[in-house]
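Heads up, there are several structures right after this.
Next come two complexes, and both contain subunit A; in the first it sits with subunit B, in the second with subunit C.
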Partner chain A sequence: MAFVENSVGAYATMYAFADSEGDRPTTPTPASRAKRFGRIVPVTIMVLCGLFFTLPLLAMARFSLQNVPMIHLGWSTLFKKWSFSGITRAFGEQGFRDGLKLSSVLAVGTVVLTLGLLLPTALWVHLRVPKARAFIEFLTVLPYVIPPIALVAGIRVIKPHARWFLNSDLSLIPFYVVLALPFTFRALDAGIRAIDVKTLVDASRGLGAGWVTTMRRALIPNLRTAIISSAFLTATVVLGEFTIAQVLLKRTLPQFMAEYQSREGQGGMGLALLAIVATTTLLAILTLATRKRGQAQPISRF
Partner chain B sequence: MSALTFNSVRKTFGPIVALEGLDLAVQPGELISLLGPSGCGKTTALRVAAGFEKADSGSVSVNGVDITNKPAHKRNMGMVFQSYSLFPNLTVALNVDFGLRTRGIASATRAKRVAEMLELVQLGDLARRYPHQLSGGQQQRVALARALAIQPEVLLLDEPLSALDAKVRLSLRDEIRRIQTTVGITTLLVTHDQEEALGIADRVGVMSSGRLEQLASPNEVYSNPASAFVARFVGSMNELPAVVRGADAVDVAGETIITPSARTQIPGTSILLLVRPEDLTLAPGTEPGLQGTVTSCTFQGAATVVGVRLDVLDVLVNAHVGSSVAGDLVPGQRVSVRIDGTRAVCEVAAAPIEMTEEPAPAA
Partner chain C sequence: MTTLVVPSVGGRAVGATPKARRSWAWLGLFPFFAFLALFLIVPAISVFSKSLYDSKDHFGLTALRDAFRGQNLAAFKFSVWLSALSAAVGVVVGTLLAYAAATARRPRWLRSLVASFSGVAANLGGIPLAFAFIALLGRQGLATKILSALGVDLYGSGFQLDTTQGLTAAYSYFQIPLMVLITLPAIDGLKTSWRESAASLGGTSFTYWRRIGLPVLAPSLLGGFLLLFANAFSAYATARAMTTKSLIVPLRIGFYLRGDISTGEEQLGFSLAAWMIIIMAVCMGLYWILRKRAERWRS
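So, the complex of A and B:
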């Protein structure tokens, strides 16, 4: 089950990396031989990476979606007896529906709380204490550096004293906000640095807009891409987190998936595969949707 | 009563003193350009006026009303920024509309005002474009229209032309002046480009290290600079070591030059005499005067800049000579330089200057 969580984490990291690096123009190599060499190497690496990612997925797909006994899963049975029945059976479980509902609520709650806290913070740091930016960035990476198990150990310590809080399913939200920090802050920060926030704020205030109007009309529309990115990344983290939910005995979707897999190996693996495909699709859509940076959407008010 | 007044405004950023007791009064309908080297506090002055920065001490008032403690969005200032500042998510028309909307003006009035403003900056047909579809010059004109749309009490322009290329800069400069006089709006324009400052303004304020060195008409600033700093910063200057000889005379390498600027100096003091290139005249080497050798002739249309190395002081001076006269001059030729000291400026030398016959040994 840890596989699901890790791969989600890996996608999120890849995305955050791509976002912070930006699209740098590749420098053309002078000699043609160097050019050919320069093409072979990255293509080889890409193919190898592709295999590294797709082979396990293929194996998962065969195990979970083919109604063939495992010892017979060879080349000869590659196209035999594919079926989604394992997954659809999982959909029928009450635990699945409850888990999906809870995880969706948690995702929305975490996104709202994260944006509500981080957007003003990131803007404030950028405008008022730019020197502290590196420090804040370091702070936000901490949840990524400190293993979640440390957080879990902490929870165990406070558990007897904070039952009133931890009993609520929503008590996961603050933990998820912390876990998502490395991704969300970076996504917002990259967006903020891509526009001239200081000038936009000054221009807006000089035209008579208070802080609320400035946020609503001058900043949020221009940070749309960054806001969407960080929302998606947050949701991805929430939909992949298992450990804390397990410790606090919350029936979230990943928790159900782990439990289901111990019961129904094939169906559980099918769900895990579905989760990976769904997350990848979401991130792909996000990447495509946010690529057209700087091309404003037509607004038909004039 | 002046339209915009700075009263000993002081502003520091940590250890940096950006404004050190700035006093400035802009008269209604007047265009003052603040000129000064980069980092002398020009932008800070505008930002204090607009309310983006809070002065440490001193006050700012508009039409006699003290606005020192008013937040930026409650002031009625139109500001155009050095960097492109249009809202990228809004069309040209909506950008101009922004300030009208925050003021809650009825939409019919707003649409009319937006159209008027775009007409004024001659961009009526680009109303539906987005900022990224405009050239730099067009963007700054929209920014100007946006600033003027709210009918501000004062227009603040922070190097609005510095991001543009030379040709656009020149035409937009004239356009800003035309619009400013049409609207009759009190304007404070900041620039580090002396040509721009002298060419556009009613009065020029020359700033140095957070202080106003001189505030006068362009002509006055050029021909009667209040300090050596102003003299050097506005136009170019030849610097000649000299010694004060009397109430209005200095001695440059044995030549006595009559200059009213020596009046404030104590006789016997070593000074630097700052002289404009057009106040040097050249005569054939046989005539009396400071002897020298022509080192270069740079043709600049009506005038030619002639570089002359003086024998005695071993300094290089530039003279502006009418091109028709300068045609006869070639490098290597011996000439005699005469100095008209009427507009010259005396600067007390930091260290006594030794008048050696020999060039100083290289350090």
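So, the complex of A and C:
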């Protein structure tokens, strides 16, 4: 789950990763005097950043897995009373199961709608209206300009006119498609550009296949990586989304996590830790998988 | 934007000329346009239309101006200060980290570790991140404990999690990696030959950075600042989990939208949201321009 606050920066990475295959950076041709100084500074930066990025996670792990109050924590108690009891207790909560179920349903729904809407659109742009490309790209970054908190304000405005729709929990799905749009479209678009769609389509059509067969047998197998990337990323956004769900009072997993932490500190913290571990693993796998292929694909929403 | 509106192709004869056929192809994009209009554009426009009417249904800019009164003004000030500070920290530390990673020869995996980690950490945020910082810097936090063992009383010195310091610390966790992602390619774009030329013309390392390095990086750094500012300005969940007060603009919007308050008050939430969109549009627009400039050196 990615607990993305908002997706403002997402396309920064589209080019951050795009040319990582290119020239290696310049190594400073070192003047001998500056040499030692020049080495100490980067090492210090690395160490300090390393600490800054690992300490919060360690603190979180200790808080959620060790049953020793902070006052009693010392060298003698450092390795005592570690257990998963907080997390297992959280698993037993009805709210947790409901939240997990709702979030999973939303994730699946969002992935399906995203692919159903964007795959044909991206292909159509590529094959028939390449002129529309710049405009479509502009539209796909609009969700940065209208961040979740502003979008949900808009949803509140239209709510009186569409209560029948917005009262359903599943009404979150199209809005989540919008939130994920900037990078799902990019991921698909990059995949499409990496293969020769036109030849594939012509060949398949020339052999008498209809559009459905062409999609199913020729295009989708070739776009597998792109499809999986965008599906993963969509899922991480949905499973971490808090703003819209909280304002609209939908009981999703992050919403439960926040509420549970205020009454069961340790369990709530444990769930959050699990969530971070899950996200990191998922995104790391995705990074490695897409890197190996040497594809210049944006694997991150940033 | 308006020149590309789809329905304008409707009146043409079917497949008469190649031109007409091309126009019909635009119809294939109709589902996408309709979807976006319904679930993004309509909500955004309704925020503006709401905020242009005051509580007595009079059209005007009163409601938009009211968003800058009292507690809301304080929230704006706090938000701008927090976003600027966390963006500044992100730009400085992120650039240094990216430079350290880009120029490190050993170990080999360091660079890709920093890049991959940044890709993940830039995505963290919201509830779990806030919890991590509560575990670290809260009153019962690990760092608080370690510091007190070292003789530093963090809370005695006036530190609080829900102040600029606490929130900046948490925001840095996604701001720094985001900046690394932005500057890494820019730093890669600095060519060895430029440095060599500068050296052969008698320039010192300082001259190189002042006359070549920083000017080339400037659009990326400035663009990065804007992006990070926008990123922090619209962040909701992290702050929501770290404080119960409505300190920043997104939290105030949430407060008005969620609360059981009179309709007139709710209006303020929409006005604040309208301002949020305006500010984001300005930041992103400028970022877009700067990014185009930054790309000039990358070929």
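In this section, the second predicted complex is superposed on the first by the 224 of 302 C-alpha atoms of A that agree within 3 Å, B and C clash if a C-alpha of one lies under 4 Å from a C-alpha of the other, contacts with A are read in each partner's own complex, and residues count from 1 in each chain.
Basically, contacts are C-beta pairs under 8 Å (C-beta built on N, C-alpha and C of every residue); 3 or more make two chains touch, one makes a residue touch a chain.
In this text, all values refer to a predicted model and were calculated from it rather than measured experimentally.
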Contacts of A:136 with subunit B and subunit C, given as first, second, both or neither: second
First (subunit B), second (subunit C), both or neither touched by A:104: neither
Larger contact residue set on subunit A - subunit B or subunit C: C
Which of subunit B and subunit C A:196 touches, first, second, both or neither: first
Common interface positions of subunit A, toward subunit B and toward subunit C: 299, 301-302
In the complex, subunit B residues that touch subunit A: 47, 50-52, 71-79, 81, 83-91, 93-94, 97-99, 102-103, 111, 114, 127-128, 130, 132, 146-147, 150
Residues of subunit A touching subunit C in the complex: 1-6, 8-9, 12-13, 15-20, 22-29, 31, 34, 41-43, 45-46, 49, 52-53, 55-60, 62-64, 69-70, 73, 117-118, 120-121, 124-125, 128-129, 132, 135-136, 139, 141-158, 174-175, 177-178, 236, 240, 242-243, 246-247, 249, 254, 257-258, 261, 268-269, 272-273, 275-276, 279-280, 283-284, 287-288, 291, 299-302
List of subunit A residues in touch with subunit B within their complex: 195-196, 199-200, 202-210, 213, 217-218, 221-222, 224, 294-297, 299, 301-302
Touching residues (chain side subunit C, partner subunit A) in the complex: 1, 4, 22, 25-26, 28-29, 31-32, 35-36, 38-47, 49-50, 93, 96-97, 99-105, 110, 112, 115-117, 119-129, 131-133, 135-136, 140-143, 145, 172-174, 176, 178, 181-182, 184-185, 187-188, 190-192, 194-196, 199, 204-205, 224, 227-228, 230-231, 234-238, 240-241, 250, 253-254, 257-258, 266, 269-270, 272-274, 276-277, 280-281, 284, 295, 298
